[in-house]
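First up is the structure itself, then whatever we jot down about it.
Chain nomenclature is as follows: A, B, C and D, assigned in order of appearance, with residue numbering initiated at 1 for each chain independently.
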């Protein structure tokens, strides 16, 4: 065979393999996403249609009553606002505090920093589910129960962010800060004007991790607030299910509506997030 | 001064212009400034860390030595809560359920994630769409996920039995005693496989390309490259994933709460669910709940330490 | 005029006499009294409150209540509107807890001062009795001025049996597990309502109603990890968690094992759907659709069922056990947070919330039975399904309450799960019963 | 006007400067005085402590012992920015998120200088360094040489009292390095500021510096002009580190004005008898006719031709290896038997410990 034939065969082989990969990945993606499609359909049916068998594949005409009920007859919009308010506050505060702590742990030599870091690593994995009672006593002792602070402050304790930031900042060349130091920057200015701009990808990663974590958190918000005004999305949806009987249409609508914003948020950030985040996490 | 000294012997002391005690004072000041600086940067986060994590962990220890609940009064009972743990009816079921859960979900998650990652890392175009779709279930709050699955596992009109019927089978009671734990584990796989898949993709992309080119020149098959290159190179990362996924698996709770309420019977009562039962049961047996929590925390700490030790070994190794 | 207003007026005049109140204040006070009394008479003519507060009330009241029906908050708002007719300056806020986390949510909230008034269930009452977080209402309830009112509430003997303090006013009681029976299918099976008089008749009926792939005779165990079902079988077999003196367990009796076997048999024979088939949410729909001929559920199920059912149905108790026929029920209370600043206001509110009219209204719309003897005269039964009122005498006849020890609810939760294990074939009835006894011993600390 | 403008003493004085990390000594009591305007090269193999010394002077690291005086002021406890020094880093340390203009103007901006003055100074430095066209680019859009210039420019605009340079040319390719070397020298002449230059490249040190400080293992081996260091190395380390190919060294004894070791040759009469190491630079080894006085027979093992020169690797009969540097046009062939001579006047002598013995050559 000629070299050209060889090359052609190789190209054909590569194409066939690529096609195979797409086939398998497509199937996997389909299986993973099918449940969403299923609830999306259910949310567009009224309850008699949901219970009908065999199920209709496409709800034509679509029924929007579930969404109407969800938006106007439940606290959904309020839950959504609370979730976004809390998640955004936590994210902003935490990115700031964690990067500062990370800077201290990575670049400033002070007594106890090894010990602090070790403590953080050790407590990194402690599940919040195991800490709720003492945590609750603590927050209640501070008089914060039933305030936004009760939702915002405890998540700041998670050491993952500080550890991640330390890792990112350690990766910066030392000479850059040295140059800044020679240029007359204070330590805070070095952190603010040199370090923060340089670890921007890390900050995005951290922000996405924190935001999605907050978006999903359930156990703590359930316990920490007892007023309707402070209910977050997960708690509201769980309560709706507990109170509302078997209204599958409404549930489905709530599931769909709660996933839309996080989906959009993630879709916008995914390029920055997916590529770097996990690589950063790997270095841990 | 000794500009022309060609050989520099150890210089005699005492030529310093500032008195040693003055040097000591100034050094101390500088040191102190650095300490203050370090703690100033650390303090905001560290305070939160101490107040909302370290103290609660210590609080768990404190509660675990007491009886009673939040609404009532408590008293010190020593180690009684721990001594009684093995006698609790259903405690072994909770431990077994948790371990079985982890045993089903962790290997499926990791093998699945690795397989997806190997394909995803090779793909030439469309990768970002797959990544988004595969990652999407990761973003679903446990409560919502459980709601969706409650719906899908409904015996009469759920998606699962729709498929079973379509294939000519008899409807299955998905949340019955025989399958509930498995369903819960599969739900967990659904929620986590995307996370680890993308984690592995990042790792695979980071592997040195030259090694693969060399291997290809050596005529190694795709399988051989996987077996002798990819897997060994990713050993540490896979190990990390195993430990972390296991630790997460040990914490399964919110889906069990919403989807099966720990039942039927004790079929899906996991360790944290058991903690929840005691913590939130009417009598608020917080002591027992804290004792169980503490056992779990210590288990997780041990796993973390094992992992730290082995990961540290990497640095020593190369 | 009501005694309460008398008392308010005499208090006012006394204060005036002692020069604590200015003349102007005295006149204003009288004026307000007069106005509010007039308001009672004129505006709220539709119902006649047993008593009405005289003092002009002001403030914000935060409720934490249990979700009995879909319209829970709406029902409270309805009562609040009536209250605001009397006291326009009082505002309200209603938050629902979830049943699964009720004890914790209540415990957290009451300790942190999150709410003022709590709807609590009898199962946690002994626990609250032991603590100091809820206001002690003994003096107010036993005030001679309140005696006539107190007499209209049911179940004081049960409440008083938990201890010397009285912490709440009862709102309602409800049956934890009643049978929702499709009478059409009973008839088809050749039975009538008397099938419930014996266990054999019961089993025969549900066996005949079962049609494979179409209908199960009896849906039980729908409340995953829930309670009440087996407990009434235990009581009907002469057992209980503890002996009446609360000193020894009283579970592992031959009769108890026997009724547990009977229950497990329903699953073995396939005339009850395997546990997990229907959740608490889905079961009423399955009953309405005829997939379950009988549904075993709490009375809250009545609020979920469609008003018009395509068949004739009844609420019935479980059949008798070796000792007696029982149905297990408990009481719901309103309690006041001891930290609430304005205890007088809270007392006015909970006594208003539990007066004849409002209790009747709430219970009627929540599918429970009112805890007031005057509820029927105040319109109870106009909203709820007629089956509820119809079954009241039957349930009253067989009612047993829970036992008087603080760990009852924990024991119940754990015990019911062990019994479900035997329903699913994971353990034998004898093992399950033995386990329950172990749970009792451990949790109570015998 | 900084106080340094009226100061006329030594630019930098290091007194007993030492640095320890735990038990590891990185710098051991370094004493050095630098005159204003001097170009000093800190030369040594990697790990010799030269970079550490530079960092200590810059204030980026803390001394364990000793004093640093810059322009007559004790600098130990001054912040880096207060020391009036500018530093050029090995990896340039340009701020990646700032343009060239911002990078160069940043130190001035930080010291609160008005914007138009900053712009003027940056423009001036840019034209000096031929960076005018690159002012609005970001560092990652520049070539290695351009980045180097920007780093230099950032140091220049500050008009510091002292320039510190940490191997600034080591990341450039060979050609550019030679070019930049000349440019740096030109710059130094023009700006006339005291410069301390760290390098491991002896050619850089020899060609650029007024004086060289040669270090090894945290200890200063020798301080001197390039010529002094080359001609009279203080010890065998200096002798072999400076010069390429390195100086030939032979161990042996001095007896009756003769060196006796692997071979036997005459030495100046004043050399004290005893154990010595004899040294001679390859260019001083003479290839002579066999039979000439003091000629040693040897065989050529290897001929390395490097253009103008050729290096011969020879083995004497006593199995000593000698490197000789001869004219590139030499016709020497491998395997050829030749004679060589070590002129006594060109010989260096070191004692048994490797330290140089003072021998008056003229005498």
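Throughout what follows, contacts are C-beta pairs under 8 Å (C-beta built on N, C-alpha and C of every residue); 3 or more make two chains touch, one makes a residue touch a chain.
All values reported here derive from a predicted model rather than from experimental measurement.
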Chains touching both chain B and chain C: A
Greatest separation from chain D - chain, by CA centre: C
Length of the line joining the C-alpha centres of chain B and chain D, rounded to whole Å: 53
Geometric centre distance via CA averages, chain D-chain C, whole Å: 92
Geometric centre distance via CA averages, chain D-chain A, whole Å: 55
Chain A-chain C separation of Cα centroids, rounded to whole Å: 40
For chain B, residues contacting two or more additional chains: 70, 156, 279
Set of chain A residues in contact with two or more other chains: 51, 136, 238, 241
Pairwise chain contacts under the document criterion: A-B, A-C, A-D, B-C, B-D
Complex contact set, residues of chain C against chain B: 100-101, 103-104, 106-108, 110-111, 123-124, 127-128, 130-133, 221, 223-226, 273-279, 281-282, 286, 291, 406-410, 413-414, 417-426, 435, 438-439, 442-443
Touching residues (chain side chain A, partner chain D) in the complex: 173, 175-176, 178-185, 189, 194, 197-198
Contacting residues of chain C [partner chain A, same complex]: 62, 64, 67, 70, 72, 93-101, 104-105, 108-109, 111-112, 114-115, 281-282, 284-285, 289, 303-304
Chain D-touching residues of chain B, taken from the complex the two chains share: 1-8, 10-11, 13, 15-18, 23, 26-27, 29-30
Chain A residues within the chain B interface of the complex: 17-18, 21-22, 24-26, 28-29, 32-36, 38-39, 42, 50-55, 97-98, 100-101, 103-105, 108-111, 113, 116, 119-127, 129-139, 153-154, 156-159, 161-162, 187, 191, 212, 215-219, 233-234, 237-238, 241, 248, 251-252, 254-255, 258-259, 262-263, 266-267, 270-271, 274-275, 277-279, 281-282, 284
